[in-house]
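Take a look at the structure set out below.
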Amino acid sequence: MADIKRDAAVGAATGSGSTRAEAVGSESLPAGAAAGETLSEERAVTAGAASGSGDAPADPAHAAWLADMERASRAKQVTFMDGIAARLRHARTTVKPEQPMRGAPDFWRAFDWTPEERIERFQANWRSVGGHTERVADLDAAGRFIAERAEELGARIIVRQDQPELATLGLEAAVPQAEVSVWNSDGDVYWKARAAEADIGVVLADGALAYTGTVVVRSAPGKGRSVSLLPTVLFILIPAERLGTRLGEALVPMDEAGREALPAGVHFISGPSRSSDIENDLTIGVHGPGVVYALIVG
Amino acid sequence: MKVSLFITCLGDAIYPRVGEAMVRVLARYGVSLEFPRVQTCCGQPAFNSGYWQEARASAKTILDAFEDSDFVISPSGSCTGMVHHYPKLFESDPVQLARAERLRDKSYEFTQFLVNVLGVTDVGARFPHKVTYHPSCHGTRLLGVKHEPMALMSHVRDLEFVPLPYAEDCCGFGGTFAVKMADISGAMVSEKVDHVKETEAEVLVGLDMACLMNIAGNLRYRGEQVRVMHLAEVLAEGAGLA
Amino acid sequence: MSAHKGRATVKERAELALNDEFLVKAVKFTTERLRNGKKNASAEHGNWEEWRERGRQIRLHTIAHLDYYLNLFVDNARANGVHVHFADKGEDAVAIAMDIAQRKAAKTVVKSKSMVSEELHLNHALEGIGVEAIETDLGEYIIQLAGEMPSHIVIPAIHKNRYQIADLLSEVAGERLEADTTILAGFVRKKLREKFLEADIGMTGCNFAIAETGSMVLFENEGNARMVTTVPKTQITLMGMERIIPSFEDLEVMATLLPRSATGQKLTMYMSAITGPKRTADADGPEEMHIIIVDNGRSLQLGDPEFQELLNCIRCGACLNACPVYRHIGGHAYGSTYSGPIGAVLTPALNKNIAEWDDIANASSLCGACYEACPVKIPLHDMLIYLRRRKVETGNGKAIETAGMKGFAALTGSSAAMKAALAIGKLGQRLVVRGGEIRTKLGPLKGWNSYRVTPSLPRRSFRDRWEKLEREVGGTRPQMAPDMQRRMEEIVKQREQGGGGHGGH
């Protein structure tokens, strides 16, 4: 309970509305039966968007300056790498060298937990760092859970990612007192500020790993990095079938898919924002969300 | 089979009783130690201070002293550890390098030899005292001497073992460090002695007289009566060999 | 800058630190907690030695082919839309960062923790051109307000107590803040929220850079590094040239080693892999992203067999927490950006001014706790000796020590000389021995005897006693048991067949 009180105090100190975190987390929903709904795979959003697609600077002088920098940098790259090779006393290595040990040891790759174990361990890890976690039967139950918490908190602004699964939560109807925004659904809104003033963010996990108690979220046009970062309270929905065991299960596919398939941000979240920088005293919610719910769906 | 005693400077000049205890314990198992008189110092003070040319002069006396030994036994993990550095000292001298590697391979710290070579863990000693143990850094970290002293102590009858809090922390000796950085070293040894006192042990046991001299020095300075002994002394005394 | 600035030597700075009761307590408490956390986390994970070796091999391999992997990273980062820059020296990196800030007409830069940035003293340079640089890591923010250097890689404000912190933050707040962690952290959250939203540039360090995808990876607990890479329109990342690993597959090993070694966590609360600026249709993330690759003395270690492994360092701080010297004197006594065992080696190695910094290399008892704690097995205790040797070999040894060591060699080079010296010692000590002990604080024993009593030399040394002893035990010595005899013969035989050594490294 000490943690939760702390969450509340931080929430209050940030002045983010009528957040009352101490009311949260005292109840639990019974773990549900098998999922009634299938969670569809996330839409492919990365193709074509990946390479060299930082927004083109509007200012032509700036663009020219960047181009100059680029030319100088490419020239410098050659001397820089030549210098390294010379120090290492070999010719420039241009062919991929044989890597004697790559990645985790073999015994680790063979390590796995059963689905039930994964859920159990994930929840234990999540709780051990001050996070909250529940199992819910399906998306409807998840929606009800979030709505109840939102009501308790007196949440006024909720931001959620733009994903069909999250649309089915029906938060707009279930939390009438709050304004529910869908990330990046309107070109006129300054979305970062919207997320910053939000009491609650709602995201769907792209993956989760039980061994470290970690959730993986990938950025996309409809999936803001801010949504899992700026609101005071965060709800992460984890479809049970996306819960793996080891970190490598999320990392190795990133290599396999290759550079062009990567979004701008892949974030691995393992609990609430925290710091021990003041006299080793643990503080929750120092920059990111202090109250983080991991809801395992199904 | 030639088994030689590498007495070390401190063992020779200040703590001859430790060497005596070693000789008596090993004699019990029929080990006839030989003592080459030409040996001096392993050269560690010079080596650690960066004076490798000077360290080589010392090292050569040790290489000469134990040229034809089959086993070289010392009462100090640190000095035996120094012998492990010899190949580095003679990297560019193939003749000395070969000798250095040979010496490294046949050098043993006392408990390593007793436990791992002779296979002895019970010397039949009885030592009815409360004992704590300081594992010296070089012995444990450089040579990997960890289980050997524990095995020996666990077989000493009536010895009440109390673990030393933060046992693996350096006592602050570090050779010339204790002189060059006297205040830091002083703070470290004071902390070590605080931990020794916490155990309420009657006897502090170790495997390296340099560290033990440092800790004992601070204990005496503070008027503490804790007895400080090398494990060889405990075994010899406990087995009625002293 | 530092509270200890102006003190010339480690010894002087250490003396100050040793007399600062809060500092000593705070540093001990924190390092204690962190090293126990590390021990538990590595034990709980299991097979720690195998993971360590794995980490070491990955780092060794990458550094041995750094020209290939760094080049690959640069090409991929460019393909991701990143503007990559190279800086041979610290000043070059500062100039590039300032150039970008000026081009962007930046008023404020929000920064997440970066040891490279500390190394370059970048904040000072930015302030010089009227750009406000704000550290956003809670600990870094505190020491920035205090105008100090970090005293620990992972816990920068380890040396400050909550009352001092409350004073600093109250000044910013313009009102009295209670010295309560939650209130203080809450104030910083609110204050820095404003800064994140209004900042023109976000600046970060880089824990790892993935060569095969051109991604950069950040580990953190607070979320400020995510803020810095999500909210401002421009991101600048400062990256030491050695931060590379080949793949995300290799990141699993680093992610296993780094948080456990640093804070005893299974994973930090956030690990972020950032691959280029925001995609066109994204509504957050930087529009423009720069990575400045910094050499600043790092390449001097390449090809140097004694120091190349220094580049394997993953900046976890485990060696600081394990080091008994660091625990007693804290980070500022080291007098540079990097403190503790890694700092004692890295600072002179990066600056190649061994003569000036050897002082730091002397502040170690060579106990090897740093090596034991290091998740990538860097032999820091050996490197400290190499530094000392290089100082001597370049003729920068202290005259008195050099003379002393020459004397040492003369003595230990011959047993007769040593015996003679011992005889003189026995004669000389008569002046100072009382009850078998020496307590004088005069002359060479001053430092030692300020904390200890020195034992006197016994009347007869071991070599004086040997003959009698040998006669005594020789008479009763039994025959060696046949199994022992056999074992010894077997060991000698194996050795001759090239079986090599036993134990040790």
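Quick notes on this structure:
Here the chain labels run A, B and C in written order, and each chain numbers its own residues starting at 1.
Rule of thumb we're sticking to: a residue touches a chain if its C-beta (ideal position, glycine included) is under 8 Å from a C-beta of that chain, and two chains touch if they have at least 3 such contacts.
What you see is a predicted model, and the numbers here were worked out from it, not measured in a lab.
When chain centres are set by their Cα atoms, the one at the greatest distance from chain B is A.
Put simply, the chain closest to the centre of the protein, by Cα centroids, is C. Summarising the inter-chain contacts, the pair of chains with the most C-beta pairs in contact is A-C. If each chain is reduced to the centroid of its CA atoms, chain B and chain C end up 29 Å from each other. A straight line joining the Cα centres of chain A and chain B is 54 Å long.
Taking each chain's centre as the average of its CA atoms, chain A and chain C sit 31 Å apart.
Here chain B touches chain C in the complex through residues 1, 7, 9, 11-14, 16, 19-20, 23-24, 27-32, 35, 37-41, 43, 45-55, 57-58, 60-61, 70-71, 81, 84, 104-106, 108, 112, 116-119, 137-138, 141-145, 168-170, 172-175, 177-191, 213-214, 216-218, 220-221, going by the rule given at the top. By the touch rule above, chain C contacts chain B in their complex via residues 10-11, 14-15, 18, 24, 324-325, 328-329, 362-369, 371-372, 385, 387-393, 397, 401-402, 405-406, 408-415, 418, 422, 425, 437, 444, 446-455, 457-458, 460-466, 469-470, 473-474, 476-481, 483-485, 487-489, 491-492, 495, 500-505. For chain C in complex with chain A, the residues that touch the partner chain are 26, 29-30, 33, 47, 50-51, 54, 57-58, 61, 64-68, 70-71, 74, 76, 78-86, 88, 103, 136-139, 142, 155-157, 161-162, 165, 181-190, 192-193, 197, 212-215, 221-224, 226-227, 229-231, 241, 246-253, 255-256, 263, 265-289, 293, 295, 299-300, 302-303. Listing the residues of chain A that touch chain C in their complex gives 6, 9-10, 12-15, 46, 49-55, 57, 62, 65-66, 69-70, 73, 76-77, 80-85, 87-89, 92-94, 96-97, 99-105, 107-108, 125, 129, 183-184, 191-193, 195-196, 211-214, 219-221, 224-226, 229, 246-248, 251-252, 254-255, 258-259, 262-281, 283, 285-289.
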